[in-house]
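Quick heads-up: structures coming right below.
In the two assemblies presented below, chain A is common to both, partnered first by chain B and then by chain C.
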Partner chain A sequence: MLESIVALPGDEIEIRRKEGKELVIGPGLRKDNQNTIVSMKCGLLKKKENFFWLESHQKRYVPSRNEYVIGIAVTKSAETIKIDIGSSEYASLSFLAFENATKRNKPNVEIGDLLYCRVLTGNKDMEPELVCIDAAGKASGLGVLKDGFMFKINLELARRLLSGSNQFLRELSKNIPPFEITIGMNGRIWIKTSSCKQTIFLFQAINQYSNVSESDTENFIKNLLKDYSDWE
Partner chain B sequence: MKSKVNLSSNVLQMKFMKRTAVEKQEELALEEQKHQIDNEHWYLDVDTEKKVATSGCSVIVEPSYTVFDGIGFGRMSFNGFNPQVEKIMKQINGEVEEKDDKEEKEIDDEEMAEHYSSSLGNTIGKKLGKRFFKMPQQPKAKRLAT
Partner chain C sequence: MLFDSSNLEAELGCLTKPDGSAKFTINDTVQLCGVYGPGEVKLMKEIAERASVSVVYKPRVGLNTNREKVFEYTLRSILDGIIITSLHPRTAINVIIQEVQNDSNYLACSLNCACLALLDANIPLKYTFASVSCALIENENRIIYFPNAKQEKESLMSGTFVFDSVDKDLISVNTSGVFDQDQFNFILNNARQYAIDKIFPLFNKLINQQYNKN
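Let's look at the complex of A and B:
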């Protein structure tokens, strides 16, 4: 692992690369005309094999393809629903992009409903487009989220909770009653539990987690659970 | 727009139609030329030398974080709150549980063989026996008549 390098917008980043191996640069980095790599945000430079990207604090969501987001239905028209996904523009979701939907059989979506969807097109010049089905036409977890409670977090934390290596929710769930959670890449979290108390507990736990490093996670969970038992 | 009426090739071959035939050919050639110009119009003359220089190192730009951080599916359920979601989670995580064959079978193979070896004579044997000694049915016509 690379020691963390802090990059400021406009910094030139020198990457020594092996011949014949492609270099993949991610969000926050840009290739210049002079063939140098320049950062566009301030953040930490991260590296994994030949992948380079900037991890930065951000609250505005920029849609890109194949990301899963939580949206709020804003307006309904004959064929599409406008959805607020926290980006600069509302995204459009076709009524036909649901499981088992036909022209006659439209899905039941009301204004104000929460939807978990996948971004189909995320282009800076175009309106984002969402779908609620996978490639096989199955819903597989996408669609309207009923009941529950939604709150916002920063994008960095959302990505952290979603990354495969993160064990926070898995470890936490071992010691508390059953619950359901949906994390959108756009920094929205929806939780559903059987008690109001647990919802508040999870809300606070996740919000506090943004200030906890990976290595402190274990201790943090222990302290949380101590608090939780005091509540009962 | 009305479509132009075309003369057949046989008619154009006739001597008195020669002038029209030549005119037509010219028209076709002109159209082809025009088409070619149209196509060329869209190609940019790229300096080939410059192109080679920039492609020395290949850099792929990926706008999404998903590729970098191993970000997975965001819908999760814990301790059996929503079994449907937990099933999807398992599928995505590739934790396909192998079904235990032995536990699912309620009746042993041997048990089944034993059962059928003794009971077949009573069940299916009886059925077959009945059919052999069945009385022939009365003709249909007779029944209709009565």
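Let's look at the complex of A and C:
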């Protein structure tokens, strides 16, 4: 793996191309006029098969298609709701993009509500568009998030928590009372627990986790749970 | 011939609120920079095909005068060329520089600080850039890097140079004093060498620290 290569803007990334395989470059990389691949942000160079991208610590969210985000309803009009998803402009969410919604039967969304949605169009030239249903027209977890507590983390931590190989939440949930958690790719986390104490505990645990490496996760959780039993 | 005792220090991500921030210290000059973006844009400043870059300079005391306005304009024109603005149309990238301490060299300090803050905010850039200011003392024919106000006054010429990280080419230059072509080339080449030896490695070190911590 290319784990430890840290690229800075303008660095030329030399990738040996395999015959017959197309190269795909992702966030942080671009092709310049000479057909070489150049980085335009700083970050760790990552690779998966023929995909290359830079993993960087960004705080500002830039919407892209099929990402799941947590938004806040800002304004309502007849057909759509404007949602703040932390990007440069508000995203629009149609009232019809909810499960079982019709022209007459509109979903109950108030200004200030939290919504868990999927980005339908995330194009730099267009206003982002959100939906709260999947391809089959089912909500499957999307929609208004009631009660609970929302806080912000950096985007890199959100991606880490969501990645399939990450054990942090899995291990944590085995050892403490059940809770609900929703992580948006835009760096917002919503948690709902049965007690205030647990909310504070989770909030602190997740914030502290941003400084913990993947290999130290196990130890970190052990220490956390020790603390947690002291709290009780 | 070369004389250098400058103290350079830098820190990344020292503010929590902005999308990217940095602090840069050159001797007794300290600047803080915060970058917001790509964020919401005012209707007046909206550009259909690219991001609008704005720079605000906050002096330590008092209000902005013409001096700061000219300075903001200089900075903006440099940054606008380096940021790949076409990637984020209809957005704003705001760079705010707060003067904490000022003992000359503020242009070089602000530029280095802005570069680090832009890197921290992960704004797409063509390359990184480093700025060096130096003064030429005539009768000894030596260069002082990051001169203080007194040294600057006594010097034959002084200037601030900005270099890019790829070809190490000159991006911008700001000089004062009387000099000829040879003297300019002499000071330019030394400034470039200084940027390669001291400032770019400092940036690299900081970014590496940031990403290898995890």
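In this section, the second predicted complex is superposed on the first by the 231 of 232 C-alpha atoms of A that agree within 3 Å, B and C clash if a C-alpha of one lies under 4 Å from a C-alpha of the other, contacts with A are read in each partner's own complex, and residues count from 1 in each chain.
Here is the rule we go by: a contact is a pair of C-beta atoms (placed from the backbone, for glycine too) under 8 Å apart; a residue touches a chain by one contact, two chains touch by 3 or more.
It should be emphasised that the depicted structure is a prediction, and the values quoted were computed from it without experimental measurement.
Of the two partner chains, neither chain B nor chain C is touched by A:Lys222. With both structures placed on the common chain, the touch criterion links A:Lys197 to neither chain B nor chain C. Of the two partner chains placed by superposition, only chain B is touched by A:Glu180; chain C is not. The partner of chain A that touches more of its residues, comparing chain B with chain C, is B.
Of the two partner chains placed by the overlay, only chain C lies in contact with A:Glu89; chain B stays clear of it. Of the two partner chains placed around the shared chain by superposition, chain C is the only one that A:Gly43 touches, whereas chain B remains out of contact.
Of the two partner chains, chain C is the only one that A:Gly10 touches; chain B does not reach it. On chain A, the patch touched by chain B and the patch touched by chain C overlap at residues 30, 62. In the complex of the two chains, the chain A residues touching chain B come out as 17, 22-27, 30-31, 35, 37, 46, 48, 51, 53, 62, 64-68, 70, 116, 122, 140-141, 159, 162-165, 169-170, 173, 177-185, 192-194. Listing the residues of chain B that touch chain A in their complex gives 54, 56-82, 84-85, 88.
Those residues of chain A lying in contact with chain C across their complex are 4, 6, 8-10, 28, 30, 40-44, 56-60, 62, 88-89, 124-125, 211, 213-214.
Of all residues in chain C, those touching chain A in their complex are 19-20, 36-41, 84, 87-92, 119-128, 164-166, 203-204, 207-208, 210-214.
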